[in-house]
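Note that the chains are named A, B, C and D in the order they appear, and that numbering of residues resets to 1 at the start of each chain.
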Amino acid sequence: MDDIPFHVAGWLNTDRPLALGDFRGRVLAVEVFQMLCPGCVLNGLPQAQRLAQTFREEDLAVIGLHGVFEHHEGNSRLGLTAFLHEWRIRFPVAIDAGGDGPLPRTMEAWGLQGTPSLVLIDRAGRMRARHFGQVADMALGAQVARLIGEAAGESSP
Amino acid sequence: MDDIPFHVAGWLNTDRPLALGDFRGRVLAVEVFQMLCPGCVLNGLPQAQRLAQTFREEDLAVIGLHGVFEHHEGNSRLGLTAFLHEWRIRFPVAIDAGGDGPLPRTMEAWGLQGTPSLVLIDRAGRMRARHFGQVADMALGAQVARLIGEAAGESSP
Amino acid sequence: MDDIPFHVAGWLNTDRPLALGDFRGRVLAVEVFQMLCPGCVLNGLPQAQRLAQTFREEDLAVIGLHGVFEHHEGNSRLGLTAFLHEWRIRFPVAIDAGGDGPLPRTMEAWGLQGTPSLVLIDRAGRMRARHFGQVADMALGAQVARLIGEAAGESSP
Amino acid sequence: MDDIPFHVAGWLNTDRPLALGDFRGRVLAVEVFQMLCPGCVLNGLPQAQRLAQTFREEDLAVIGLHGVFEHHEGNSRLGLTAFLHEWRIRFPVAIDAGGDGPLPRTMEAWGLQGTPSLVLIDRAGRMRARHFGQVADMALGAQVARLIGEAAGESSP
């Protein structure tokens, strides 16, 4: 986990900045979104909320990563704060740091293609899945359960 | 129509400012929304798009009225421009003028309770319906068809 | 209306047999379905129920026409009775009479292609629409409202 | 598994009768339904189809159990055959044997309350879950994955 790059310009929905290492020992789901992306609003974010409601907090942590690569001017921190409030999104949300290319720094480092993307990191801090676009609830629930079932040092074949 | 108050701070999706009088002779549907209101994004705006696709342009005009009464800072004109682009909303959108009270001026003058609201104005320029919240597609389609069926000077009993 | 063929082997949800002439003066919507047809169960019949709820009984009558052309053995009258009860379908349902060809007699005479089909008959007893498959609620609501708006002897151009 | 009662009057979608013991070593999902039950048609059966598509056949077997306790006359074997064909249900379906009480024999023996019910039997042949009504896809996917993750002789605490 210490070797997964994570460049963050700020946080919302948490009273202190977080590091990926804070989640070690639990499975971590990172919902990568933009507040103006319809697929994020209609599918990605509601699914992340269902993840947070379905699994126990000690097994799975859910955070958001707001990764702006379009319409920067329409994606202000104040706008994002209001968006999270109106859509009842309660999990911590990191703001991805601006990069040199078209993608923000963390999205670029993680090799993501766009939003929404759901990234799963296992108990041992290894990135295990990067879903771009829609993934079905049943398959995702199964995948998260399998990661939760692994001991912190183990990986299923 | 000339007597319906309409206070607008600006327009998007049109190359010139519009007046309600420009729509005289057609039925006019005004979708009153905020870009950060979930009910507007999930229900009100898609329904307004279906109105524009279902009826002929010479019978029904559809416009939006962006009426911000919460989170002003997160509802910038640039943010709204990006929002309309990402959600593929092509009809003209007016920005309601700020008022003295909690509601913007046009929403206040029209006696609206919140967003989404759908306001129907008949061919003769009279306000005929103010739907707050959800209205079913079938009932709305019927109501609009009845208004379209009226001659410009006539009103059904 | 007297000239629209209507060959019926029986009725459910009504205490006496009906004739198309009984509906003269009102618009009549006929939902043509089979109880084992998924598109009928998922879309056609719920839409017919919404028609019955949206419009006034004195303006619009809604009936079903059960037109079996496949799986006759699995479509018994008792099965249909149970089906209507479980799915809470309250409007009168006619059972189309068996024909000489693959389609039952009324479906054949009406030139229908399959189920679900929604047939609209105007106040003067003329068949005005035959929708095969899905039709959007908004467009259908508008079409029914226009037919309701016509006087019994009149037809819009 | 040998001690789970299973009284069956017949099978569809399989060329030979099956026994619960045939599934030993795999997790078994039994969708208990009636063809005239709306909740089965709208939710239970489509979810069982998603189970069959989401998991590998060597990990999870899916079968149906048609348990008629209402409208016997409308639930004939021929009707059920046509129903499975029209709704594209491909997994084997057992027909529960008639019992002495209101419920058929297997449903009675399993202590089920009605339909739809989803029963999960683990690799070692023990009944592990009986979901009556709706269960969310995400939670169900997780539960099935946990059962699949157990060795045949083991049970998680």
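Keep this in mind: a contact is a pair of C-beta atoms (placed from the backbone, for glycine too) under 8 Å apart; a residue touches a chain by one contact, two chains touch by 3 or more.
Not measured: the values here are computed from a predicted model.
Note on connectivity: the fewest chain-to-chain touch steps from subunit A to subunit C number 2.
Of all residue numbers used where subunit C meets subunit D, over half belong to both copies. The two sides are thus made of the same residues. In terms of their C-alpha centroids, the spacing between subunit A and subunit D amounts to 36 Å. If each chain is reduced to the centroid of its CA atoms, subunit B and subunit D end up 50 Å from each other.
Contact topology of the protein chains: cyclic, one closed ring where each chain has exactly two touching partners. Those residues of subunit C that touch subunit B in the complex are listed here as 50-51, 54-55, 136-146, 149. The touching residues of subunit A, when paired with subunit B in their complex, are 36-38, 41-42, 70-71, 73-76, 78-83, 85-87.
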